[in-house]
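Right after this note come the structures.
The following pair of complexes shares a single chain, chain A, combined with chain B in the former and chain C in the latter.
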Partner chain A sequence: MLHTVNKSSFERNSLQSCLNTIDDSSVILFIEDGVINAANNANSSMIADLATEGRIFALQGDVEARGISSKLADNIKLVDYAGFVDLVVEHGTAVSWV
Partner chain B sequence: MKFAIQVNEGPYQHQASDTAFQFAKAAIENGHEVMRVFFYHDGVNNASRFTLPPQDDRHVVNNWASLDIKDADGNPELVVCVAAALRRGMLDESEASKNSIDGNNIHPAFRISGLGQLIEAGIQCDRLVVFGD
Partner chain C sequence: MATKKFMYLNRRSSFGTVYAIESLEVVLIAAAFEQDVSLAFMDDGVYQIVEGQETDGIGMKNFSKTFHALGDYDINKLYVSKESLEERGLSESDLMPLVYEDEDDDWEEKPSIRVVTNDELKAIMSEQDVCLSF
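Right, the complex of A and B next:
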């Protein structure tokens, strides 16, 4: 499954709810304010572990709009909107954590 | 692949409708079909033909209209939830005359219908993607 998270964990606990729910084959895409979770001063060890496994993505335009391109945690994969579409195609059901 | 998109937020307040539009545009540009976009809750405000943003700002309503999402018979598949629309003062011609109101504001690229259209889209499409806040 693909899980999108569109809020910073400083604002809501939707990321935590998502992390509590996902299975071993799920991937997470950060969009909108959710890209704050991809910054290297914001993430949890669980995010770092998932990123190492190549399972954390962030929407490039939203990362750039928030000025955190140089502050991204390691192994976060950036995608554009076409990449977002590809993730939905590839991973089946898309769950939106809002 | 066949996509359905659900938009739960209005334009210019949250990023959700912009993200949903960019997603729909990218899906179409990459050879997928967007069968239906369903506007629910405050998302119905994406359908107002009276929307007039400043000239240097994006026009969210016209952006949606430009995607030209229609069924085989040419009916709009930008679908606005009727209950959500009426309680927010969003009316098409038929709802306006039914309720004796002397105006209507649904953009012609959109149509008003019921929640069944969302369920149908969820059943008929390969993927349903929800954008909210």
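Right, the complex of A and C next:
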């Protein structure tokens, strides 16, 4: 499955709820304010293991809009909109954590 | 007209909600009425003034550039929460170099941003007549 998260973990618990229920083959794509979760910050440990496994993606346009391109945590994979579509096709069911 | 001390609390990032740009609009209105305006950035609001925002990829207006105009409206008190920056892995050097020209000091260019602790912010807030939260 593909899980999209569009909220900052500093403001909402969307990411935590996603992490609580994600299975071993799913991936997470951060979009909109969700890309704040891809930055190296006090909450980075929440996703560090998944990132190491190559299962954390972030939408490049949203990262650039927030000026955090140089601040990303390790092993975050950036995708453009075409890459977003590829993730949807590859992972089937999508869950949107709004 | 009587002058009041207005503080605008900015707690949200720029593009996920409409709060940030709406706050900036209201700030400029208050300045037009020649009020004593301060801005505070805390929580995800600190992302509003991060340097290097590029919005071409999301098709939204890059209003971060407007912050550079605040100095010309005599808005030169921008307080940024130290704790909120640190929590997000940011420091003052990641913020836009916002300045104003000090008319009392031969128009010397001075920084508008002041990084403050929550304790300092508490004291600054208590001096205000009006606090508006966005």
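Just so it is clear, the second predicted complex is superposed on the first by the 94 of 98 C-alpha atoms of A that agree within 3 Å, B and C clash if a C-alpha of one lies under 4 Å from a C-alpha of the other, contacts with A are read in each partner's own complex, and residues count from 1 in each chain.
To be clear about the criterion, a residue touches a chain if its C-beta (ideal position, glycine included) is under 8 Å from a C-beta of that chain, and two chains touch if they have at least 3 such contacts.
In this text, all values refer to a predicted model and were calculated from it rather than measured experimentally.
Q: Following superposition onto chain A, is the placement of chain B relative to chain C best described as a clash or a fit?
A: Once both complexes are aligned on chain A, chain B and chain C fit side by side.
Q: Using the touch definition from the top, say if A:Cys18 reaches chain B (first), chain C (second), both or neither.
A: Neither chain B nor chain C is touched by A:Cys18.
Q: Touching A:Ser8, do we find chain B (first), chain C (second), both, or neither?
A: After superposition on chain A, A:Ser8 lies in contact with chain C alone.
Q: According to the stated criteria, A:Asn41 is in contact with first (chain B), second (chain C), both, or neither; which is it?
A: Only chain C; A:Asn41 stays clear of chain B.
Q: Now for A:Leu50: first (chain B), second (chain C), both, or neither, which partner does it touch?
A: neither
Q: Examine A:Phe84 and indicate which partner it touches, taking first as chain B and second as chain C; both and neither are also allowed.
A: first
Q: Looking at chain A, which partner touches more of its residues: chain C or chain B?
A: Touching more residues of chain A than the other partner does is C.
Q: Have a look at where A:Ala94 lands relative to chain B and chain C in the superposition and call it first, second, both or neither.
A: first
Q: Should A:Glu64 be classified as contacting the first partner (chain B), the second (chain C), both, or neither?
A: In the superposed model, A:Glu64 contacts chain C only, not chain B.
Q: Centred on chain A, what angle do chain B and chain C make, from Cα centres, as a multiple of 10°?
A: After superposition on chain A, the angle is 80 degrees.
Q: Superposed on chain A, how close does chain B come to chain C by Cα atoms? Whole Å, please.
A: Between chain B and chain C, the minimum C-alpha distance equals 5 Å.
Q: What part of chain A is shared between its chain B contacts and its chain C contacts?
A: Residues 6, 32-33, 61, 80 of chain A touch both chain B and chain C.
Q: What residues of chain C sit close enough to touch chain A in their complex?
A: Within the complex, chain C touches chain A at residues 12-17, 43-44, 47, 50-58, 60, 62, 64, 86-90, 94.
Q: Chain B touches which residues of chain A in the complex?
A: By the definition above, chain A touches chain B via 6, 31-33, 59, 61, 80-82, 84-86, 88-89, 92-94, 96, 98.
Q: Chain A touches which residues of chain B in the complex?
A: Answer in residue numbers: 1, 3, 8, 15-16, 19, 22-23, 25-27, 29-30, 32, 127-133.
Q: Provide the residue numbers of chain A that touch chain C in the complex, in ascending order.
A: 6-8, 10-11, 32-33, 36, 39-42, 44, 60-62, 64-71, 80
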